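The following block contains the structure, expressed as structure tokens.
For reference, chains read A, B, C and D in written order, and residue numbers begin at 1 within each chain.
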Amino acid sequence: MRSAIVTHVLDPAALLAEVSAARHGAAVVFVGTVREVNDGRAVTGIEYRAYAPMAERELATIIHEAAARSGGADIVAEHRMGRLGLEEASVVIAVAHPHRAPAFDAARYVIEELKRRVPIWKREEYVDGTREWVDPTAARTPESVAGPPRAG
Amino acid sequence: MRSAIVTHVLDPAALLAEVSAARHGAAVVFVGTVREVNDGRAVTGIEYRAYAPMAERELATIIHEAAARSGGADIVAEHRMGRLGLEEASVVIAVAHPHRAPAFDAARYVIEELKRRVPIWKREEYVDGTREWVDPTAARTPESVAGPPRAG
Amino acid sequence: MMQVTALLFASYAEHLGRDAVSLELPDGATVDDVLRHLAALPGGDRLPPEPLVAVNLEYAARGHALAPGDEVAVIPPIAGG
Amino acid sequence: MMQVTALLFASYAEHLGRDAVSLELPDGATVDDVLRHLAALPGGDRLPPEPLVAVNLEYAARGHALAPGDEVAVIPPIAGG
């Protein structure tokens, strides 16, 4: 179980190797990458920023939650910071588990909770040279309307 | 879109690279590996066999079904044949899609349908030197009771 | 009469001691006729009564009518992945 | 009186032209008091009325009572992944 906010290029194969073990029969790797289009605008790159100490803490909490729910998953997650070009990986989550269903569920849980709870922001750069902080709560696409957590 | 029944060592990173593209924002890689224990017996290796021409055809059908359902996924899948040792990958499925939910769903669809429809068999080798063809329809674990397809 | 080939795999091939059987069947024969012939061979009693079958690489029902040269695969419980 | 630090990020830091603000608050002050102070700064009117807040790296409600030295992070809409 390991998670980190990093500035280096992400290596999905290394994270997969890190969770692999003979007790597991399945591994799922999720990779988030910089897409050339967002909300219909042509993107040239994304700058990621984080409230690093809290992001590391929250991400660690999430992967431990996922591991506990799954009953035995090994999970490694890294989120990259800084300026990323098209196709570059911003986040990699690797999960291994004796069985495939919990491996899929844990990987999905980590990315969904990461997007909901881990304090990371991104500024998109567009072909016209402008750039903008992305606000998923204001986005027009139906998939991004889920809001952030309200603390109790 | 590519699928194959192969005899070489599988390379998840190569398959991930094969589906990656700037139009995608998410990739999911599923890796099935040889586990050291099955139904409580210590396993030392697994021999995979296929009805290769039908397996290739059925696997190709499945990834095209998954791509069509997902609306735009790129998918590559390889299943290895022959004798595999512990921790070795028997199957790798790489999916990329503009969005993460369809990427997860497509990867899951391919492995579930592969296990249901693609004519592949495995003979487990146990620590006591014996070996046995695995019959998931006779297995004691609740997760493996789903039967194969009945043709109409 | 027509000739078809039955293919056997994995545990089924071991039960019958071979992985292919050539059969002469009357015109209009079905998958069911192939299964009956196989069941009558030495070891054929170890095949299940209703195995999964594919004809020319496609899953087929027991009543599927065969044509000369068809490849009839008798498919043990699938265990890929 | 006590001193706390408010942290601003991304678009919020741009609205206020800074990423940290030191505040002197009366004992018993809450997250709400920090938000009121920030709203009164130049550019503070561009903060939303109810932003997400964390105190010492944990999400906290508006009524959360602060202690001396607390780090109060005002968190813009999360966009990781």
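Methods note: a contact is a pair of C-beta atoms (placed from the backbone, for glycine too) under 8 Å apart; a residue touches a chain by one contact, two chains touch by 3 or more.
Everything quoted here is computed from the prediction, not taken from an experiment.
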If a chain touches chain B and chain C alike, it appears here: none
Target chain C, source chain A, minimum contact steps: 2
Remotest chain, chain B as reference, centres from CA atoms: D
Distance between the centres, which are taken as Cα means, of chain D and chain B, whole angstrom: 49
Gap in Å, rounded to a whole number, between the CA centres of chain B and chain A: 25
Euclidean distance of C-alpha centroids - chain C vs chain D, Å: 73
Numbers and ranges of chain B residues touching at least 2 other chains: 32, 100, 111
Where chain C touches two or more other chains at once, by residue number: 81
Full enumeration of touching chain pairs: A-B, A-D, B-C
Contact footprint of chain B on chain C as seen in their complex: 7, 9-11, 14, 52-54, 57-61, 64, 73, 75-81
Residue numbers on chain A that touch chain D, as the complex places them: 32, 48-51, 53-55, 57, 79, 90-91, 111, 114-123, 133-138, 148-152
Chain B partner contacts - residues on chain A that touch it in the complex: 12-13, 16, 20-37, 86-87, 98-101, 103-104, 107-108, 111, 143
